[in-house]
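I'd like to ask some things about the structure below.
For reference, chains read A, B, C and D in written order, and residue numbers begin at 1 within each chain.
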Amino acid sequence: MHPSIDPNFKTRVRDSFSKQEMLTSLGAEIALLKAGEFHLTAPYDARFTQQDGFLHAGIVTTLMDSACGYAAYSLMPAASRVLSVEFKVNLLSPARGQRFRAEGRVIKHGRTLTVCEGKLFSIEKEEESLCAIMQATMICIRDR
Amino acid sequence: MHPSIDPNFKTRVRDSFSKQEMLTSLGAEIALLKAGEFHLTAPYDARFTQQDGFLHAGIVTTLMDSACGYAAYSLMPAASRVLSVEFKVNLLSPARGQRFRAEGRVIKHGRTLTVCEGKLFSIEKEEESLCAIMQATMICIRDR
Amino acid sequence: MHPSIDPNFKTRVRDSFSKQEMLTSLGAEIALLKAGEFHLTAPYDARFTQQDGFLHAGIVTTLMDSACGYAAYSLMPAASRVLSVEFKVNLLSPARGQRFRAEGRVIKHGRTLTVCEGKLFSIEKEEESLCAIMQATMICIRDR
Amino acid sequence: MHPSIDPNFKTRVRDSFSKQEMLTSLGAEIALLKAGEFHLTAPYDARFTQQDGFLHAGIVTTLMDSACGYAAYSLMPAASRVLSVEFKVNLLSPARGQRFRAEGRVIKHGRTLTVCEGKLFSIEKEEESLCAIMQATMICIRDR
């Protein structure tokens, strides 16, 4: 592991994850947590659907943004917070399915800005299909 | 009004809006509905917040995406549906406040694709401040 | 004028503009320069066209990126440089015409990051039409 | 090879590539051409640089947009044209180097819209480094 990485990053990421009411409301769970990569899963929930009964594009975004944010945060120093600067989402197919899995990966980690890629997969009868992709910029806010 | 516009577009947009479980869950209400423009408001809700207690970036996105989608849908033909193709969001300041107002406006309307701009304002003690902006592409799916 | 603005910002922006070989190659000229806003114009040039004879989307981007970058740079401190972090472009109509005009405007200015909106107009027989829009993030690099 | 793919796609893509004055001006050459993927290379050219002597972000975009456009076009029918709908670029490091290589890959191919990912690498002393990434939407215009 790279020496600059906070050795307690897993605890720090899990603590932040558990403080997000949004993720609790979605029933989201951590599926993979390592330096520079983060996956989460969440069940289909009719409360968060659009007019055709698919998961709303904003929720698809929420899941990928969280995955990207924590992928970035895993590489940030101990006394810091992460915020989303911006993201871009392409919706590839309707977000139908029993469960969803979002992946976030760091493409370029900098002192201030970290660029990530996200993917959302829907899971239906144990088959995964790619629903959406994200390109995102995260910023590190250092505690004073 | 432009002759190509469906004379019943307001009813059509309201019907679609009322079918979105997501918007009901958010307590969202239509604030302005005219050809090519749509505003909605929603209250702060702790269930949809991130780790610092601000509205989650994914919910900020949900509100702007809905405003842009209905701005676009208002110009589409009677027998059609609207879907988001892609969007890009810049988060300008934390989404704190008692209420939020999202605006969507059509920049370029085409037969298949419609490009929109969205804005999200937070409202705190009757003062509005701009929290986020969106650039989005919507697609018209014609019923067969 | 806001007291934090570098009083020599116009000279600083013009100096940087004149150092861009790209803008010289395009025959670009400054059309408006004020705090937080920048316009430039450039002629049609067959060397920079795509397969249908329209200005290439990458050149459309170049013009808007430069307009946004200098709009942002006008608000930055004297001893600093500006770099593009990211941008998103929607191409609305083919970039045909005798001349082009790009506008850049600061939407949110921060100490490190500045968010801008850009527009590209084509000019044909003295009529302007909107060809493309941009949403961009610029970063301020302070000299040590 | 998928049966729906135009058997003459390579000739069709090469023909379109050779018609782009922009790519000729850049000295761009095809490096890889297969169904759903396209790479091109171009030399450093001082005429296309920004104020620090690096390749301009708009040219970085031009190279990736062309790679993505031809990756998409390779999957389109014989009697069709390709146009860029929109793209989003993150600039990861300065585009310095002797040569540049852009890669475009189709992520999702649809009848009307095709979503692609692009990458730009700079090549300096035979070492490649990732300079920029793109997420893009292309549209198929069918000849009547």
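Everything that follows uses one rule, which is that a contact is a pair of C-beta atoms (placed from the backbone, for glycine too) under 8 Å apart; a residue touches a chain by one contact, two chains touch by 3 or more.
Every value quoted in this text rests on a predicted model; they were computed, and no experiment measured them.
Asker: Based on the averaged CA atom positions, which chain is farthest from subunit A?
Answerer: So the farthest one, by centre of C-alpha atoms, is C.
Asker: Select, from B-D and A-B, the pair of chains that is joined by more C-beta pairs in contact.
Answerer: A-B
Asker: Let me have the rounded angstrom distance from the C-alpha centre of subunit B over to the C-alpha centre of subunit C, please.
Answerer: 28
Asker: How many Å are there between the centre of subunit B and the centre of subunit D, using C-alpha atoms for each centre?
Answerer: Here the centre of subunit D sits 33 Å away from the centre of subunit B.
Asker: Calculate how many whole Å lie between the centre of subunit A and the centre of subunit B, each centre taken as the average of the chain's C-alpha atoms.
Answerer: Measuring from centre to centre gives 23 Å for this pair.
Asker: What parts of subunit A, by residue number, touch at least two of the other chains?
Answerer: Each of 85-86, 88, 90, 115, 137 in subunit A touches at least two other chains.
Asker: Show me the residue ranges of subunit C that touch subunit B in the complex, using the header's touch definition.
Answerer: Touch residues, subunit C against subunit B: 88, 90, 92-93, 107-108, 115, 117, 130, 133, 135, 137.
Asker: Would you tell me which residues of subunit B are touching subunit A in their complex?
Answerer: Interface residues on subunit B, with respect to subunit A: 16-17, 19-22, 25, 46-52, 56-59, 61-63, 65-66, 81, 83-91.
Asker: Which stretch or stretches of subunit D touch subunit B in the complex?
Answerer: Residue list for subunit D touching subunit B: 85-86, 88, 112-113, 115, 137, 139.
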